[in-house]
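Here subunit A shows up in two complexes: once beside subunit B, once beside subunit C.
Moving on, here comes the complex of A and B:
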């Protein structure tokens, strides 16, 4: 499966924050979730892909093209939603569309109008009068209306009600069905990713911790629960992160089967969620 | 170039009402030069039409943080820069047409008319138009590289600090040369007619064809040099 996006050794130094040698690939026809705590570098990665900020080193290849050398050609095939809607607040939706549509050769006006209707967005409404969720919906309508091959979404579901979030997720799933398009989806709402993502890239302190298939991750990893007497310096090394509590410990392991063999019936091994992974690897007593 | 036009249309949608407010205020305050200030007030008011409209456009982009959205569209950074120069050029030309037409309307009728009438008539010449275009081009060509390098706020600070330094240097030179008239006062008193007189001498010296060719050349070179500088700056800026 050829990659639609290839990032190699991408670095950016802001002084107080560094993105360090970030590398990952997004195969065609898949959805990747980009997760990590606030300030981990998710938005920086997306901005680097869109060439909004200058990289210090590394390469970004999209559709096999360099994102700097072939900037306009690459961007014409990208649909994007920024974490904060960046539109002229006082304009009506139809005028905001008129500002954007001429830049895309493949702009599909019928699709855009249909999306406006489905999202319940009146074209004559002033953007500032929309709720945050409605603003996000409008940004999504713009992103989805020019037959983009790569959709970049930076926290698109924040502020959206659960009904629309589910609707969005099913739309994204439908987009990749023909296996020519891909979605890179940065979010804190990890339950969304559990529903639709094919792969997960976890970024922390500007570094990629892992980039792997979601099903494999959720099958292999686990949360161990046991008595505090089992948590020694030696056993703690087996965990990606742990939390000691009054009546026992909880720990994250990247090999649930090995943990079962090691501890036997003295511990409970629960299925892991992406939220567990986020928590233990960022806020646990020890993180690896 | 088509991308630059599309960006101008984007600016038009965003800033058209602000441009109208600038136009209305220029037309309202345009009555002042007839009775007070004459050519100087008319000149400054005229310059404000194009520069004010451009400033509004940049200000609302900064206010709504839409620059990153524009840079996410299928455009090169150099196209965004070109779009801004094209907009500035069109605003200068449109502003010139409006302010000269307004000047003709204001000064229509038999003399002597109001006190400032003669001063305004002195500006409404081909040389005056050339002076208007060249001076505004220079002002914009100096500002935009700073804008693209530092952003609106810091760029404007740097620009006005530069202008003030220029005026102070002129005043200091006046004092050193003991001319008796301060540079700043002379600029304010004689700026418009002085520029027109200078362009008149140039035109009579070169003849019409060469004079017009020189104006076009100066405009083209100034915008080309400034836009290249801006593109270089903008390419290196994080949004």
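Moving on, here comes the complex of A and C:
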């Protein structure tokens, strides 16, 4: 399966924050979730893909093209939603659309009008007067109306009600069905990714911790619960992170089957969620 | 580039039409009250180049540069469109100013003074100098940077004059000003010669090209 996006050793130094040698691939026809705590570097990665910030080193290839050398050609095939939808906020939606549409050869006016109706967005409304969720919907309508091959979404579901979030997830799933398009989706709402993502890339402190298939991740990893007497210096090394409580410990393992073999019936092994992974790998204890 | 220019024009039309119109009329009226054609050209061109610069600062205000640069355009196209639009606006606004200054009843300038080839070339020179210096600052540092530069120049001038009056400086400020004045007077005296026009045009083009290259260099390094 050819990759629609290939990132190699991407680095950016802000002084107080460094993105360090980030590498991952997004295969065609898939949805990748980009997760990580606040300030981990998710938005930086998306901005580097769009060349909104200057990279210090590394390469970004999109559709096999360099994102700097073929910038306009690459961007014409990307639909984007930034974490804070910033437009000229005194314009009406129809006027904002009139600014954006001419930049895209494949602009589909009928689709855009249909999305406006389905998202309950009045074309005559002034952008500044929309709620955050409605602004996000408008940005999504723009991103989805030019037959983009790669859709970059930076926290698109923040501010959206659960009904619309589900609707959006269905749309994204539908978009990749023809196996030619892909979605890179950064979010804190990990339950959204559990519904639709094919792969997960976890970023922490500017470094990629893992980039792997979601199903494999959720099948293989687990949360171990047991008595505190089982948590020793030696056993702690088996865990990605743990939390000690008064009546026992909880720990994250990347090999639930091995943990079962090691601890037997003395521990409970629960299925892991992406939220568990984020929690234990960012806030869990590191030392016994 | 066309789409980028249209984007700017349409986004700022509500600002441009009323404000730009009133501003051009006011500057034209003001220019007609000044007796010296050269002073009139100097002041008009400076005030004229403020119009496109104000437009470009509005993008800072709305923090919309990230959206513009996420569209299928290169940074070079963004900067080039700003230069093309900036020059087009300055020329249109300056033409309006000159027409008003020439036609306004009771004006102190003769029509020939401000519509002569010399005045036109002088205006082009001033427009080029102002725009070429201010655009890179605006592109990199936004409105704050541009005004900081202008205010900084005034503060620097005041400090230099103060130090000069106290004879602290090791050089003569008056001598420098006189030399610049002589150079300008010499240029002005020779402007009638075709060779000088060509030389002036070449210098202005070189200055514009250098300004564009610097703006592009700075904008490519700007994180949005």
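Here, the second predicted complex is superposed on the first by the 286 of 288 C-alpha atoms of A that agree within 3 Å, B and C clash if a C-alpha of one lies under 4 Å from a C-alpha of the other, contacts with A are read in each partner's own complex, and residues count from 1 in each chain.
We adopt the following convention: a residue touches a chain if its C-beta (ideal position, glycine included) is under 8 Å from a C-beta of that chain, and two chains touch if they have at least 3 such contacts.
Computed from a predicted model, the values in this text were never measured in an experiment.
Aligning the two structures on subunit A places subunit B and subunit C in a clash.
By the touch criterion defined above, A:86 reaches both subunit B and subunit C.
Shared-chain residue A:210: touches no atom of subunit B or subunit C.
In the superposition on chain A, contact of A:72 is made with both subunit B and subunit C.
In the superposition on chain A, contact of A:52 is made with both subunit B and subunit C. Within the superposed three-chain model, A:107 lies out of touch with both subunit B and subunit C [touch as defined at top]. Shared-chain residue A:119: touches no atom of subunit B or subunit C.
When the two structures are aligned on the shared chain, A:95 is found in touch with subunit B and with subunit C.
Comparing which residues of subunit A touch subunit B with which touch subunit C, the overlap comprises 47, 50-54, 71-73, 75-76, 78, 80, 82, 86-89, 91, 95, 98-100, 102-104.
Within the complex formed with subunit A, the residues of subunit C that make contact are 3, 6-7, 10-11, 14, 62-64, 66-67, 69-75, 77, 220-224. Residue ranges of subunit A in contact with subunit B, taken from their complex: 47, 50-54, 71-73, 75-76, 78, 80, 82, 84, 86-89, 91, 95-96, 98-100, 102-104. Across the interface of their complex, subunit C is touched by residues 47, 50-54, 71-76, 78, 80, 82, 86-91, 95, 98-100, 102-104 of subunit A. For subunit B in complex with subunit A, the touching residues are 3, 6, 9-10, 13-14, 60, 64-66, 68-69, 71-77, 79, 236-239.
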